[in-house]
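So that we are looking at the same thing, I have put the structure below in C-alpha cells.
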C-alpha cells in the first residue's frame, strides 16, 4: 500500500487540521473533537444540520459544511461511524435554539451512534430530529433486511435540508423536506478496484483485471454481482435501469450526480454523464441539474456511482439555492 | 488497465460532450471541434483568454472556462497538444475585438502548436498575445535546456489573467499581469504510481511498492530522482524546500495549491496541506489563500503537486475576484 | 465466592487488550471478508484506550471499572461494535452497582448485558452477530458452577462454528446474503477473546 | 528521371500508414521510455487520417498530395511531431509546386523540409530528435544517384544507432538528461518508417 500519510492512526486528525487551515475563515474545528463546524455557528433561530460518518469519504462530510448546507460534520475513524460523544458536541455547538436535524446514512453503526447522541442531547434539553438516508438500490429494502445503504444521494439531502433551514424553516419542516428528498433519491455504484484502509495496509477485496463489482458499497461492501468489465455506456445503462426502476418516476424532472469513488479520473466520469444524459433524454425525462465529480468517495477505490433525484417545484428551488461550502457548488 | 470508457479513440470527444451536457447553461462546445467556450462568448470589448493542452489533466482546462477565468479551452488528444486549427477556432470564437491572450504550458508541442495558431489568427487580423507558463522547479531553467515545464501553477495564471480581463483591462495589461504571475509561481510534484493512457493500455512507467518519483511531470515525464517512499511530512518538506528556493520570497504573502494528480484521496491532500501551512508559518510567511483538490491531474496517477504563488496587492485582489467556473472557486 | 475483584477486572481489560492487539489482523481480515475491514482496528484502538484510561484511575468498585471501560468504548470505538460493547459493559456495571461480584451477581450482569445488546442492536439469536456468542455464554454461566466456567470457551467456539455457516441478516455482513456463509463473524470472534480473557483472570487467583 | 508520381506519392503515404499501425506499440513504448507515451498513437492516428483524406481526392500534382498530407498532419496529430512532420511535408510540397518530381527537385524538397523542421523546432543536429535523421537523409540523397537511394535506410539506421547513446537536449526526452542515454528517440524511429516507405515506393515501379 502506498499512501501519503504520516501515521495510520493520525490520518483523521491531521486531515481535519489540514482542511481547516485551508479554509480558516469558513470552517472551525471544535477543540479536542473530530467535529468541523461553520465558523459562524450557532446561528440564532436557525435549525442546525449535523451529519457525518466514517472518514474516507472525502469531501464528505466536512466539505459540505457552510452556509446553505451543513452546520457541522462529525468525522469518525476511517469507515467507522463517529461516537456519540463527538456527535453530541456537534449538536451542542450548532444548536441555535431552533433545534438540530441529524442526517444519518443507513448503516447499523451510524444509526446506533447517532441515536445515542440524540438521546443524550435530548436529555440536555436540546430539540433533536433525525432522518436516515437509504438511497443505494443495490440493497433490497424489506422488513427482513436492514434496508438500503446511504451513499452519494446523502449529499442532495444535505443540500435540500440545508437550504430549507437557511430559509428559516422549523425543525419539523426541515425534517419533512429531508424525508421527501430521501424518498425521491436513488443511487447505485460500481467498483473497478478495491480501496485500502490506511490502518489495514492491504486492499479490502480484490477484483480481477477484467472484473467489476456492480452495486458496491462506499465501504467496499459487496454489491449485487461481480461481472466482466464492459463499456462505460453498458455499465451506465445497467446502473440507470436499476435506479430508475426503484424511483418514483411520476416527475420527469430529475437532478443527476455522477460521483467518482476515488481513483477514477474525471474524464471517465464525464464519459458516463454523456450516456446518462442520453438515456434520460430518451426516456423523456428532463435533467434539471447535473453534478459530476467526487462527492462521496471510498478512499482510493476506482469506480463511480450514479444518483438520480426526482424533483418537484419545491426541491428544485432548494437544490439551486445559494450555497457556500468547500465541495458543493451550484 | 481498467477504465470506464467506450473506446480509447473517442475518450476526448465523449468527455467534452459529457461535460457540456452537465453545464448546458454555462458551457458550449464549438461544433466539430474540441473547443469549449463560455456560452456568452465573445464578450464585446473584453480581452479573450484561451488556454488548453493535451487531455488527461481534467478538470484542466475546460473546467476553468467561465466568467472571470478562461473564455475558451482547447482539448488535444490525451497528453498531446491540440492542433493549430482547433486553437484558431477558439481564438476566433472568443475575440470580442480587444484581442486574445493565449496561456500556454511550456512544452515543445504546446508552444509550437499555439504559436502556429497565433500566426494564423494574426493573418486573419486578430490581435493575439501569448504567455508561456513554466512553474515546475523539477526542471532546471537555463539556456541549455528547453526550460521548466508548465504544471498546476498554470491555474493561478488562468485565474489572475481572467480576472484582469473581466475587469476590462487591455491585452497588454492582461499579458503583463499574466507574466507577473508566471514569474511569481513555482510548483513541484511527486508520483507514487504511474498513469495509464487509454490508448496505450499499460502504465507509462513503473514504481516499486516502496518507491516514489520526486519532481514528476504531469505527463509522467521523469522527475529529479526516484527514492524510497517517506512520510507525508517528509515529502512535503522536500517539495516545499525546492519550491521556496526558486521563488522570489520578497513577499511573505503567498497563495497555496495542493493539487492531486488523480488517484490520491483528498484525505491525503489535506494531510499534506497541514504540513505546508506549518512550514510556511514557521518561515514567517502568510498564507493568503489555499486550494486543496484536483486541478491539474495526470489521468489516474497517484501523487500530488504543491504550488506556491508569491503575492502582491494586485495579485491578491485578482486571485479572489468573483469567478464562475465548474472547477475553480474562491 | 467472589468472581471479580477490582484487580481482576482491571486485569480482565488488560488481557482483552493483549488479545485484540495480537489478533488485530485476523479480526480485520474477517471483517474484510464480510464487512468493511475495520473491526480489528476498532477493537485494538478501543481496548487500548480502555486500559490507558483505567490504569490512571483508582476505583472503589468493579462497577466503576466497568463503567469507565464502557464509556471509553462508546467514545473511542464507534461503528457497530462500539455502542454494542459499550452498552454491554455499561449494563454489567449497573447490575454490579454497590455489590460484591459473586457468581450470582455476575450471571445477572451477563444477562443484563445480553439484553442491552439486544435492545441496542435489535438482532435476534442466529442472525450471525456477536449477540449469538453473548447469549450462549450468559445461558451457560447460569447453568454451571464457577468451577466449570472455563467451559464457556468451548461454548464460544461452538457458537462461532455453528454461526459460521449461517447467512448474516444484521450488520454489514447481511449485504452479502448467501455469500456471508462460510465466514466467521468478526464480532463473534472478538467476543471470544473477551471471554477468553475473562477465563484467564478468573483462574488467575488459584 | 521521375522519382515520384502522384500515384507514387499516394502509395508512399499508404506505406507509411501501414508501418505506423504495425509499429504503433513500439513507437509508444519508445516514447514511454523517454517521453510521454503517445508517439505511436499520434503517428498511427495522423497517417491514418492522411490516407483517409487523400483517397477521397483526385490530385493534379505531387505537390498537392503532399500539401493535403501536411495539412492533415498539422490538424490531426498535435504534440511536437505534428507541427514538425506537417511543416516538413508542407515545405516539400512548396518546393515541388508546378514541377515534375525528378531527382533534383526531390533533393531540394528534402533540403527545404529539413530547414523547415529546423526553424520550427529549433533543434540542432545531435540533440537526439527526428531532425538528426532528416538531416542525414537529405545530405545522403544529395550525394547519391537515385539507383543508390535504398542506401538511405542504412543511413537512417546508423543515425538512430549513433543518437541512441546521446543525451537528448530537445523535446520531452531532454527532461531525462543522462537517463535519456541508451534509448532510441521515438521520432527518429518514426522518421525511419517514413523513409523506409519512400524506398518501398520508389522501388515499386521497377
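A, B, C and D label the chains in the order they appear, each numbered from 1.
Everything that follows uses one rule, which is that a residue touches a chain if its C-beta (ideal position, glycine included) is under 8 Å from a C-beta of that chain, and two chains touch if they have at least 3 such contacts.
Bear in mind that the values here come from a model prediction, so they are computed numbers and not experimental data.
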| item | value |
| --- | --- |
| Subunit A and subunit D, separation of their C-alpha mean positions in angstrom | 54 |
| Inter-centroid spacing, subunit B versus subunit A (mean Cα positions, whole Å) | 29 |
| Cα-centroid distance, subunit B relative to subunit D, in whole angstrom | 32 |
| Chain centre separation in whole Å, for subunit D relative to subunit C (CA means) | 75 |
| Arrangement of touching chains [line / ring / star / complete / other] | line |
| Chains touching one another, given as label pairs in label order | A-B, A-C, B-D |
| Touching residues on subunit D, where the partner in the complex is subunit B | 28, 32, 35-38, 41-42, 45, 74-84, 120-121, 169-172, 174-176, 179 |
| Subunit B partner contacts - residues on subunit A that touch it in the complex | 2-7, 11, 14-19, 21-23, 55-56, 58-59, 63, 192-193, 209-210, 212, 229, 231-233, 235, 256, 258, 262-275, 277, 287, 290-292, 294, 297, 299-300, 302-304, 329 |
| Residues of subunit B touching subunit D in the complex | 9, 54, 76-86, 107-109, 112-113, 116, 139, 144-146, 149, 197, 199-200, 204-205, 217, 219-222 |
